[in-house]
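Next up: some structures, all given as structure tokens.
You will see chain A twice below: alongside chain B first, and alongside chain C after that.
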Partner chain A sequence: MVEESKSSVPIRFDDEAWEALAATTNANRCFQCGTCTAACPLADSTPMRVRALIRRAQFGETDPLIWKCMTCAECNASCPRGVDIVGLVRHLRQEKWRTREVPKGLPTLLWGIYSDGNTFHLPPKDRAAWMKDVKVPGRGSTLLYVGCTASYDPRAQRTARSVAKLLNLAGVEFQVMGTDEVCCGEAARSVGNVGLYDDLQQRNSDAFRKRGVERVITISPHSFDALKVGQSKYGGPQVVHYTQALEELVDSGKVVGTVEKRTVTYHDPCYLGRHQGVFEPPRRLLELSGLTLVEMANNRAQSLCCGGGGGRMWMETDPLERPGSRRVSEAAGTGADLLATACPYCISVFESERGSEVIPVTDVAELVASGAKG
Partner chain B sequence: MIDVREGGIWVYAERRGDSFLPVSLELMGKAREIADRLGVELTALTVGRDGGAGAQLRRYGPDHVLELAHPLLTTYDAKAYATAISAELRRSKPSTLLLGATRNGQDLAGRLAIRMRTGLTAHVTALELDDRQNLIGWVPGFGGGIEAGVSCPVRRPQMVTVKPGVFPLPESGTPTGDVTKVVPELSEKDVGSRRISFEPKGSTVDLTRAGVIVVGGRGTGGDFTRIERLAHLLGGEVGATRVATDAGWVERDRMIGQTGVITHPELALVFGASGAVQFTVGIEGANTVIAVNRDPAAPIFDHADLGIVGDLGPVVDSLLRALAA
Partner chain C sequence: MRIVVCMKVVPRPEEVKVNLETKTLDRAGARSVLNSADMNALETALAFRDAHGGTVAVLSMGPPQFEPYLRVALAVGADEAILLSDRAFGGADTLATSYTLATALPKIGGADLVVCGEESSDGGTSQVPPSIAEWLDASQATYVERIVAGKDGTTVLATRALEDGKETVELVLPAVISVVVGSNEPRFIDYDRWAFAQSAKVKVLDFAALGGDPQYLGLQGSPTRVAGLREVRKPGRRRELVTVTADEAAFRIKAEIERVGRVRS
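Showing the complex of A and B:
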């Protein structure tokens, strides 16, 4: 399977491939300083060396370690030359689909998205099951885009219900797409299948237009990033993450409430923080709810990835290589009562890393909803 | 333009030991349907050390079974198999050759297509006939989320590899057709590789085929001896959640779920698993699910046909007692 290749093949430049890569990622600006290698959280636990990966790409070779990348963008943030390393990884993965050299499990993921419109290969008719007792006004130009994970994963469904409950309390008119909703395509893009991602963006754009949607609120930061980037091409609606939407509502006094006095530490999901620059709204929501925030040493732009991005939710990771367990320890080390975050992948990862045994893991919306009144 | 009726339809029936892969039988069912529609004959082709096994194929409705038997064909070798089969294709000139898109099937199909200077549609998920009765193989492509219909109107045989599980497995019926054994002309130089020994790698559990799976999760607290005993008494296999495999309670190839194995048992008994979606996608295909969990709100109960709320220990014990009695 995916192993580090110790290649003894003679070096051959593939100018065309390199130029295609450089055109979208600035890879040609790389001066091999190695800052990215040092920034990459995989450097301690795996043979992943980002600088070497870029060098190899220049020789027309693809390092099989690209599949370990979590697209956390720590490297992007540190590169002095402005190389889009995440873009480079996605591009190299895309090439691997042509030759079908992809890790086990990923074709099944894409089949699920392609045939059922979701990342789990579950029936589209069950997509609205998250709602349970939640009522939705079903009017207005605001759409709550739930996404695959919060639609099907019982843990993340709770987050979606909390967000819907808060929107209702604040009297926001909004609609959901229910069983008509399809995947945002982020998982397809991460694993390098840009064609499928583009298709889904088109489908979502058509659906948004048909429903008169002017504002999209997402549950997952992954949908937030994918739709924000993808829909801009269509001049589509404004896309926000739920933490931004809720911050406005709490700020304007439309929702108030305080939760039991406790201390909380907040984990910045990569796609909300580093990718989209949303650092403060979740923190303000926690504080406005009366919680005391204790920061981890690695916070905001320095947040440590949980390990769930870049399609890693569909690839097994050796327990010794999992960044999530490190992050759980860091959170527990703050002495906070709770670990809050705002991404369904992060929650799955932390809970499966026995997070709940060391520090209870929760979602920002769930915390706010637990004490909120309209 | 060539008429498909100019020759019969052949199915390459891939052997595993003395039986045949399910995909080959699935193809027999579909090929019979197409042959009847076109009014041509169906031949099942099988290759191996000696004949005999081919007689089983008579239960799947062929007009003929052709066995290519030779000691040099004992194990699959692309070069030797392609040499033997292409000689037969040249002699009998079938219009169509269908193969399963298995590892060996794909390998063989490519070589045969080159030798026959014909087209090959690979990894097909649906088959139909166009108005000139050429086969159209539908191939999904992810490049743009499209599905392409591919046909080969100018060369014969038209060749297709079909993904396993696409067509239903036909019922075995009364034997039909004749069996012919042919000893192809082959010499050592036609063989690309030689098998020295055959040792299956590591453990041989294959949960994808298990009829009964007894799953343990974190709730077992690591005690898998009774879970194993229960699986044994039910003639099934032990499965586990990722928490249980991470803890080293069970080997990793027994992990069920999104990054583990996707299973389709008749019965899954699930003890002490909460029902995280990354786990439940792996038992979605089970016919019956029985779950035991002490938390009545555990999402696993949404996936269970029968749920028992309570401590799993006494439940396992009473099942063991009942089965041992």
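Showing the complex of A and C:
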């Protein structure tokens, strides 16, 4: 029995709003086949029905379940009509900022990003704390963009240090922005606040230009996606994820080394894989480090979302609706010794789902760094 | 209904140090922010305006550098912004501050309702809102967490958060209220208003424009003297790690709370 969601908005046709939406998302191509609903990882545990959400949007109505969406893009990947359903969800959320019908806590999140430049409500002066004893050349046109999570979250700081260590081993000249770095804006975009997202893209663009940055290496796939998409409008620098940058360094022999022989399974983060199509570099890095890769049934474009995207990191999620534990079980089921991924959100979610009690959760850069020599 | 929200720009509480010698706050290096409780006051005013109509003006006193913060309030939803700025206003304590604000109100079009935050994070006296009400001889309610319109638009019903419960009072307008910090979630900047907020004129009133009795203004009008200052160290936490079942833990915690006398049973 499908539980119908209720909305306070009366059903009405709003052709103008729909046309605006359809122009950017191809939503008018939707022929209601329901493939998206079947692909949605929330369909099992929540009343979310993506097909119905699109249908309601056609009638000018916003499904309140839009806030549950993790923007994992399984729907986009499965849609036979090429509808940008994630874009549609973001657009619908954007409208809710206008009418101030957003979940509690999100305005506070955005105030923190606006005034502190990060999603953690922590002072900018602490932003370089991740570096500890890491030395950074501080020159060159390559920038390591650390992002909020790897700057402030003690667990994710380890990933940033590992990437910096590997860049140093390879003799790459790079700079970091330290306490001057501000949020990439992905959190603002994911909760639908395009105004703040654009503001942050502008601030980052100005900072990149001032520093002569031609290449940006990000730690988080979320920063990777937000800066790659957002900076293109400014003719900004090339933006890559660290797995792509490290693959080049290992391939060219600038970093070598093998780690203890073990088996590993790799979880594709949504924003690295489905959103940006980067599937192979992290796998090659693991194999080049001497690890044996075993795949989960749901891999690459079929990867299961951890549940942390789409602003869900800042909203409460009923334990029964959290997809992360399912993914941890799937990883453990492969019999691998380790679960590796390449996103600070995924690691944070898996560890909070007690993933490490089932299978040790780690990051690709940390694994590579543990055995690497220059 | 014309609502005026009094807002103060304060140093970020976590970034200020206390200078024990001068007995003042050392703001060097501290970033500024709109006082937290004043953001709750602004939200209270905007929500009331959205429900019942009217206008919301924000009023602040301080140096010209405060202007960008008032523009944030405009971007959030305020209709106009006024800054009282003059060296003559400097060094004001709560008496002089409340006098200056109250004197300005008739000059900026008056107010049916003045909404303040319960206290500033740097001064922390909670004295300014009641003092404004006294200077204006207006109704007042402190520690308000919610307001609704009263009958015929001549009153508002204000629910106060008291230590032992809630109290709803009916205030005859004009009235001054102070809003409890954290009583609502301040709405975020509306970027559709950004261009308006940046281009709008922030009305600046100096001493000449304000008028008023100079002996009540600034340092001269401030009888408050900080007599002494001492550092109070936080007592260390008494930690104890006990490994027991959940039920046993509950009884242990209850017994511990009773032992330190925090619970009346």
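In this text, the second predicted complex is superposed on the first by the 364 of 374 C-alpha atoms of A that agree within 3 Å, B and C clash if a C-alpha of one lies under 4 Å from a C-alpha of the other, contacts with A are read in each partner's own complex, and residues count from 1 in each chain.
Note that a contact is a pair of C-beta atoms (placed from the backbone, for glycine too) under 8 Å apart; a residue touches a chain by one contact, two chains touch by 3 or more.
Keep in mind the model is a prediction, meaning the values are calculated, not measured.
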When chain B and chain C are modelled together on chain A, clash or fit: clash
Dominant contact partner of chain A by residue count, chain C or chain B: B
Contacts of A:Val264 with chain B and chain C, given as first, second, both or neither: neither
Touching partner for A:Asp199 - first (chain B), second (chain C), both, neither: both
Chain B versus chain C as contact partner of A:Leu227, first or second or both or neither: neither
Contacts on chain A seen with chain B and repeated with chain C across the two complexes: 97, 105, 108, 110, 114, 193, 195-196, 198-199
Sites on chain A touched by chain B in the complex: 97, 105, 108, 110, 114, 120-122, 149, 152-155, 193, 195-196, 198-199, 313-316, 319, 348, 351-352, 354
For the chain C and chain A complex, residues of the former touching the latter: 12, 14-15, 31, 33, 185-192, 194
Contact set on chain B toward chain A in their complex: 140, 142-145, 242-243, 246, 258-260, 262, 275-278, 281, 284, 299, 302
Residue ranges of chain A touching chain C (in the complex, touch as defined): 97-98, 100, 104-108, 110-111, 114-115, 123, 193-196, 198-199
